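Take a look at the structures below.
Next, two complexes with chain A in common: one pairs it with chain B, the other with chain C.
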Partner chain A sequence: MAAVAADATGVAGADARAQRATRGLRSAMAQVGALSGRSVRNIWRQPQVWIPSIAFPLMFAALNTAALGRVPGQIADQSGGTFHPFGPRDVYLDFLFVATLTQGVLFGGLSGGSELAQDIESGFFDRLVTTPVRRASILVGRLAGSAVLGGVQALVFMAVFLAFGARVQGGLAGAVVLPLAAMLLALTIGGLACAMAIRTGSVEAVQGVFPLIFITLFISSAFFPTALMTGWYRTVATHNPLSTMINGMRHQVLVGFDLAEAAKAVLVPGGLATLAIVLCLVSLRARLAQR
Partner chain B sequence: MGDLPIEASGLVRRFGDFVAVDRVDLAVRSGEVFGFLGPNGAGKSTTVRMLTTLLTPTEGTARVAGYDVVREASKVRRAIGVALQDAAIDPLMTGNELLRLQAALQGIPRSAAARRGAELLERVGLTAAGDKRVGAYSGGMRRRLDLALALLHEPRVLFLDEPTTGLDPSSRLNLWEEVRYLNSELGTTVLLTTQYLEEADQLAERIAIIDGGRIVREGRSGDLKAEVGSPTLRIELADGDGVAAQAEAALAPFGEARPCEAGFVAVGLSGGAARMAEVVRALDEVGVTVAGMELHNPTLDDVFADATGRRLEGAAEDTGPDEAGPGTMGSDGSDGRGSGAGAGPGGDGAGPGAGVGGSAAAVSAGRRRGRR
Partner chain C sequence: MTDAAAVADVGRQDHGDLTGDARVWPVAAQLARRSIVLITRLPSAFIPSVVFPLFLVIAFSGSFDGLSRVAFDNAMSWYAPLAVIQGCAFVGVGAGFAASREIESGFYDRLLLAPTPAVSLLAGPALATALRSIVPFTIVIVVALIGGAATPGGPLALATVFVAGLGTALVHTFWCLGLAYRFKSQRAAPVMQIGVFLTNFLATAQVPLGLMTGWLHTVARFNPMTNVFRLGRAGWIGEVTWGDCWGGLLALAVFIALSFWFARRGLTKMVP
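Here is the complex of A and B:
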């Protein structure tokens, strides 16, 4: 009898725990959803945040295309053969597409950090922290805005480039890789910017990261094939993880869909995003512990 | 520790070498509005931030709603409502969006949140503005929305950190009404910090006066004032601080000297208004010319001055007519409206600083001088 009663109690206890876990998960999802919604809405309501991150890269693309559009598509290599730095179609616009997309996402991704720093400066972050919200939900909600912006930017850039004659040789599968990689890259930059925001609590400090991002982008294969570079610049650009991601994305545009290249395009920013989010969480924990 | 909604023992918070809060003990009873009064930088907000789990105490313990603020911080957060200083509300969101966000963070189901949000918006008079972005709200509207957000989950304990700072008088009165309603109708325990004497006087059943991180007085407003004793006679000297020592010597037989600003002397007048003419004569005998006089019953500012030797910043703004004592009078001993010949330069007794409003301006503008 006692054993049966104990079993019944155990089952009831397990049920109660399962119910609590379900409620907790549902509550966490609702919190993340609400904070993500706020993040996305706030970006949309600030055209000064998203318009430049789309307009300026397109402007750069127009200037670059005008300046370099007649660069020969076939270049002799050291072995006496030729290679096609801009892809088999020899179209500079195709080559520039991924560079523009990456540039836009890098700039737009910073907005998540700036917004978080703004929340800290204004005291809104304290309002959030005095509620029972899970700390990770605050970050996930904030980063969701960056990721959505990255995805939207990718779609806008794709539409503009296709309209001006660019082609994605990888078809639909290749085209899907691009916004996916863009979202993960936005998470990476957003995560780093949020970590900076949490550590400094300053919008200016977050925006101060901009030149570093600019340099990282330029010392990569974004605007020029690494084969055309020389010396230390080529070495750094070749080992820049951004180049690995860009080359993977570019393969979908210039050559066609390739799973291994698609994996590079997605896994590199995915791995970096994971590191950035961990850095964010560690920074948040440190900030709250210092209080 | 008993079942007090807010209790703290030996609470200390240091920032490097600076001690912001120094061994603060608190015991706020259930259903009480407790006022935490002090000047800027006294340690009010730091104490509230510790009680609301935003800051960790350097020393001491505190329990809110029965939970330890350090070890059971998440339980504390479920039980409290907080409206922090400056009403930090996202200006890009609408009132309704903020209420929905707050509901999600508090784990309130969507249908219940919608109903409760609508009730609260109506209660604080923001129904029509619910779909407008907060950036378009006035300071008073933001404060009221802040209050609604803090109340959404029906907290047992409500912290209001300087809720009316920067508000116009009408918005301040509206907010006071809300606090009274919450307390009397809903029985919510409220800890209110303020630098306004009148606010503490009007709203709080009990008051703790904090200065330099330490509680210097605590009790019911009436009791605290009664402890100060005699009314304060404040005298403006026509010849300024140069004759202050003579004036103080002449006033010594009338009561103890009290702190006041430069160009004035003040005394706790034993015997009250009946002795004012006598005071004028005593000053006249030692050659001190009086520019104006004012007698008032003890206020919380006097309590603060009694405890710290200084006047509370912002006291001037709060010295309203309802705090005026038995009367103000000119230097001729008239009732302040006087038309007789006066000893001071004001002549008719309505000279500078003679009226309540005039004295308030003088307090605000004058150099503060602590004398005990």
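Here is the complex of A and C:
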């Protein structure tokens, strides 16, 4: 009898715990949804944040294509048609597509961190943490804004490049890999920028990350194939994780869909994004512990 | 003594026995001295003009090393003059930033009220720019030579690139001062920076004219900065010849005169 009663109590307790967990999950989802919506709306309402991250990479793409458009063909001709470091079609526009996408996402990804730093500077962040909102929701909301912007940028760049004659040899499957990788890369940069924002609480400090990103992008395979580089520069560019991601994405554009290359394109930014989010959470915990 | 008081003092001391034109230089020298001192007081404003050209010469010669197969013999020799010219241009932009900052803070009002010739407010930053340009020039040249740049033109190659860099720095100094006098705010900063990128990268900054295609080839052909780059690269890409130099010298002379006029007019409108 007592055992039955204990079982009943146990079942009732488990039900209550399950209900609480469900309510908690719903509440967390609602908070994430509200904060993500705010983040996306914030970015959308400030064209000065997202227009440069689309316009400048496209401007540089136009410049680079006109400056370096002849190079792939000339290098292929020199080798008697056996060496195609810019892809089988020898078209620089195709080669540059992923570089432009990466450049735009890297610069746009900073906006989430800048917004968070602005919230900290204006005192909104302090008001937010005094409410019963889950701490992780604050971060997830911000990062969702960066990821959405990254995805939208990828689609805009794809539309512009396709309109100007670029081809994605990987078809639909290859085309899906690009915005997915872009969103994960935006999460990585957004995460790093948010961690910087939480640690420093300064918009200026977050913007200070920009030159580092610029250097990381340049010393990679983004604008020129590593096969044509020499010395230490080639070594650094080859081992730059950004090159691994870019090469994986580029394979979908230049050669065709390949699962192993697609995995590189997605797993590298995915892994980096995980690290960045962990760094963010650690920074947030440290900041809240100081209060 | 404050900086503004020191400038005014130089103006007063010279007022009795010197003509207006002769008083320009002591005041300009004082303003230039102040600008040089600011390098240590406000390094964050100067560091970009050193770091950026350094990054440019390393990144461009490293990334586009493969162009030596089709466009030029030595990537470092091609990109070192670009880095010097770009670095010097940013020194000029820095003078514009400083003027914008001082206009916003009210320091410029005190300079304008001092009994000094207005043109000294242009000559001072120009003199400071000329001195500051030595820093990016030296750093880039040392790195480029260590990195394997060749100078078939011998020591004259250093002279051509220095003249091209100095001239470009003066053009951007006057242009950015003119913008600062008109905007009267640091919001002019992006316009100042974009000016450097547009004039340089729509010329032969990145690749030779022969490699360009379409609209860029047309624009670069008529962009006077192409002549300035030809001057800067004389002695780095082949021997120094008058044919490579005169176009750049002429372009710089015309642009210095025009940008000086632009700045002078802006300053005249600002004087109360």
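By our rule, the second predicted complex is superposed on the first by the 282 of 291 C-alpha atoms of A that agree within 3 Å, B and C clash if a C-alpha of one lies under 4 Å from a C-alpha of the other, contacts with A are read in each partner's own complex, and residues count from 1 in each chain.
In this text, a residue touches a chain if its C-beta (ideal position, glycine included) is under 8 Å from a C-beta of that chain, and two chains touch if they have at least 3 such contacts.
In this text, all values refer to a predicted model and were calculated from it rather than measured experimentally.
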Chain B and chain C placed together on chain A: clash or fit? fit
Item to check | Partner chain(s) touched by A:Val71 [first = chain B, second = chain C, both, neither] | outcome: second
Taking the superposition as given, does A:Arg45 touch the first partner, chain B, the second, chain C, both, or neither? first
Q: Examine A:Leu128 and indicate which partner it touches, taking first as chain B and second as chain C; both and neither are also allowed.
A: first
- Query: Can A:Ala30 be said to touch chain B (first), chain C (second), both, or neither?
  - Reply: first
Which holds for A:Phe224: it touches chain B only (first), chain C only (second), both, or neither? second
Counting only touches as set out at the top, which of chain B and chain C does A:Thr82 meet: first, second, both, neither? neither
Per the contact definition in the header, classify A:Leu63: touching chain B only (first), chain C only (second), both, or neither. second
Vertex chain A, Cα centroids of chain B and chain C as endpoints: angle rounded to a multiple of 10 degrees is 80
Report task. Answer with first, second, both or neither: which of chain B and chain C does A:Ile215 touch in the superposed model? Result -> second
With chain A overlaid, the minimum CA to CA distance between chain B and chain C in angstrom is 21
Chain A positions within both the chain B interface and the chain C interface are none
The residues of chain C that touch chain A in their complex are 51, 55, 58-59, 62-67, 69-71, 201-202, 206-207, 211-217
In the complex, the residues of chain A that touch chain B are 27, 30-31, 33-35, 37-38, 41-42, 45-46, 119, 122-124, 126-133, 289, 291
Chain B residues touching chain A in their complex are 52-56, 74, 77-78, 80, 82, 84-86, 88-90, 92-93, 97, 100-102, 104-107, 133, 149
Listed in rising order, chain A residues that touch chain C in their complex are 63-64, 66-71, 74-75, 78, 85, 211, 214-215, 218-219, 223-225, 227-231, 233-234, 237
